[in-house]
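Structures follow.
The same subunit A turns up in both complexes below, where it pairs with subunit B and then with subunit C.
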Partner chain A sequence: MRTTLLLLGLLLLPLTRLQAQAPPEPGDRLVGVWEPSHGKARVKIERIGSKYYGKIVWLREPNDPATGTPKVDKNNPDEALRTVPLRGYRLLKDFSYAGNDEWIEGTIYDPENGSTYSCVISMKDANTLDIRGYIGVKALGRTDVWKRLQAK
Partner chain B sequence: MRLLPSAAILLLGLASCGAPERLTMESGPVSLVAAGPLFEGSNTAQGTWTAGLEAFLAERGYSTGQLREARLVSARISGADSTSLRGIRSVSVQWVGGDLGMQQVAVRNPLPADSAAAQLTVAAEQRKLDELLRSGAITVVADLDLAADQESDRHVIGYFTLELTLAP
Partner chain C sequence: MTGRLLLLALLLPAALRAQQDSIPAEEEEDYSQYDNLGFADEQARRYCSQKILDQSPARFISVQWDAQGAYDLRFSARGSWAEDADAPTAEQGSVRYTGGLRMQANIPVVSRNSIIWQLGATYWDTRYAIAHRVEAPESSGLMRQLADRGLRTTGLNTTLFKPLNETLFLVVQASADLSGDYFLDDPQGLQYLRYSAAGIWGKRPHDRLQWGVGLSRTYRVGALNYIPVVMYNHTAANRKWGLELLLPARGHYRRTFSPRSLLLTGYELEGQSYRIRGLSTAANSFEVRRGELRLRAEYQRQLKGFVWLSVQAGYRHDWSFDADELPEGREFFRGFFGDQPFAMLNSLGGAPYAQVGIHLVSP
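And then the complex of A and B:
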């Protein structure tokens, strides 16, 4: 009897785990690990609630050459946050899926200068993103092409 | 001479307005879970803090309409079980809720090795935390930088203290 219960428990465990996870949404195609064109970093995009966020999970040069220690967000305009590790930094924030393979109303942070820009993301195909950062007018922005790390 | 009545009215007005009042609001323990398997590097732990602002203020004789400002003044993290904070190299905490974008509110890098709890440095620049509190549920996101892979979930607890400024 105990063995049967144990087996039943083991069978149900993955099911309860699945139920605990949020159900997939159409915008979840964006979820995954992506590499910007400069190839210096990799960014993992995940959904939190109904919005999408991306954080750095890999850096080609993880250490600051000047100090030999892991890079931190030394250009953050808020001095109190300049010890935030760059590996793990959330540089894409608050994207909403608008349909037609577009995620809008987000922001992108550039750790090179500590600036945050408005941003839209367009998926060109399952493994390619156009990331357009801009100030004020979308037409005056700059687009970078990101590639999915584990191609589908 | 003509200025005297105006000055008197101004003083009278100031006296009747009174100084803003301050309250301290504690979150209590906020459970944050990163679902395993987890990998070396940054992993996302999440939890929800239902602030209960209306009830908190009502118990003290205030209404939400009187809330002028909210500031996070203290943030602390502790381990939820015997693993304490072991193997976590750093933690950074974000809050998001309502129509407001995610904002970074606290960080500790590095965490003291093998500590059971740690005080975090709080952001100096904070945006519209009063609105965030009014929105009800705040999603707390903690990025845990793990020193090694682990199969199981990781569970930590956040404690937050806010200072509320209220109109009398």
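And then the complex of A and C:
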């Protein structure tokens, strides 16, 4: 009986860990709300499991001027995804923290043209990110500087 | 029973971890909480982008083949001719085919919001297949030189885009080109490099408009010239069409079918000053001032990922194929109003042309 209770306790332990706040990890400095250089959107980066993701949480122009309805991912190469709302869209995916303020092996999606690029993120200081999207090798890429946002 | 519980206890944490790593379903979120945010760093600034929405994609690497159809040509004798002189024809003939390989690369060295600096390289090869040729005794033999050796341009260029704030920007571009009938295994001296440059001050009022004015030193019409330039890039509100102008060098109307395909119709002026080795000496550089006006349509589409195809067709109009003698290779400025004599007065008939290319485009 005592053994069974112990095992039940072991079973429930992970569930209680999930209920509680996930413990901070070194890469969590990336977590927060950031503004890309074009200033047309705000992106919330969060950790899900051991990886980092960023979704659009604000759009300067939330509605499509042509239709007056919320903007959707109309340039997605996959026709089935062209009705997905842009607000809430995850454009940063699968970043792993590699140490030295660098998050690697992720991708960034550009809703303007429907392209997905390989991407690395470097934190230059607590409020500045270098987001480098590239094709194959990092030399063939473009860096965008994102700035951290906070409540006014 | 105990064994099963033990197995479950061992496997469950891993299963839950895997579940955490996959992206959970989106929860409804109150997005209004992101309305009133400001920069955490009060010194942070915003800068304008170097491009506008739907602009034809910038190219990292391009490999193209250019081919012109048949046309006639007439060359004067070598001499000293005023621009409007009635120089007698010393060589005439017809060209069956003109064309060759064109390769370009533009690699960003620094790519940040506050500055973008690119370095590029160009190699153009143009071969002439002469169908027939008639030469008077006083002819220079230029047509034979073209048939035997063709023309090449090898160059390096750099472009700097410097946004000043959210709407204003500067563009500075410079290039050094070695043009002539040399071969790569026996290039001509660097003293024959020809330099072009342009500076533009511009404004980007919104995501669909960018304009600028500036000055350029150019060989676009063959000979050296200094001319004002106007940049105007615009995309219509319905995002179906736009204009891409860098006057007077080129101007295109753009029809956007999708983010992955577009059609440009318009023109481009292209040219260089080509040193002809067989007609030059140590004391002079004999240079053909080749300038072409190309009226054209170009269809561009994504092939896969970042690889794009371009197919271009149009009409090549001869702007200049005259020649100059440059003492010791030193360039001079004739401009539109100079009266320096030409070494040859030449004319080429117009020709249809086509160009096909593969490109690796920029993010």
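Simple rule for what comes next: the second predicted complex is superposed on the first by the 131 of 152 C-alpha atoms of A that agree within 3 Å, B and C clash if a C-alpha of one lies under 4 Å from a C-alpha of the other, contacts with A are read in each partner's own complex, and residues count from 1 in each chain.
Just so we're on the same page, a contact is a pair of C-beta atoms (placed from the backbone, for glycine too) under 8 Å apart; a residue touches a chain by one contact, two chains touch by 3 or more.
No experiment lies behind these values; they were computed from the predicted model shown.
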Subunit B versus subunit C as contact partner of A:Val57, first or second or both or neither: both
Which superposed partner A:Thr107 touches (first subunit B, second subunit C, both, neither): first
Touching partner for A:Gly88 - first (subunit B), second (subunit C), both, neither: both
Subunit B versus subunit C as contact partner of A:Ile48, first or second or both or neither: both
Partner chain(s) touched by A:Asp78 [first = subunit B, second = subunit C, both, neither]: first
Between subunit B and subunit C, more extensive residue contact with subunit A: C
Touching partner for A:Ser96 - first (subunit B), second (subunit C), both, neither: neither
Contacts of A:Val145 with subunit B and subunit C, given as first, second, both or neither: second
Contacts of A:Thr67 with subunit B and subunit C, given as first, second, both or neither: neither
On subunit A, the residue positions that both subunit B and subunit C contact, one per complex: 48-49, 51, 53, 57-58, 77, 87-88, 90, 93
Residues of subunit A defined as touching subunit C within the complex: 3-4, 7-8, 10-11, 13-15, 18, 33, 35, 37-40, 42, 44, 48-51, 53, 57-58, 65-66, 75, 77, 87-88, 90, 93, 110, 112-115, 117, 125-128, 130, 132-135, 139-145, 147-152
Parts of subunit B lying in touch with subunit A, wherever the complex brings them together: 35, 41-42, 44, 46, 89-90, 92, 94, 96, 101-102, 104, 107-109, 121-125, 139, 141, 143, 145
Touch list for subunit A against partner subunit B, complex: 20-21, 46, 48-49, 51, 53, 55-58, 72, 77-81, 83-85, 87-88, 90, 93-94, 107
List of subunit C residues in touch with subunit A within their complex: 1-2, 5-6, 8-9, 12-13, 16-17, 20-24, 26, 29, 31, 34-41, 44, 46-47, 49, 53, 57, 60, 107-108, 111-114, 166, 207, 237-238, 258-260, 305-306, 360, 362-363
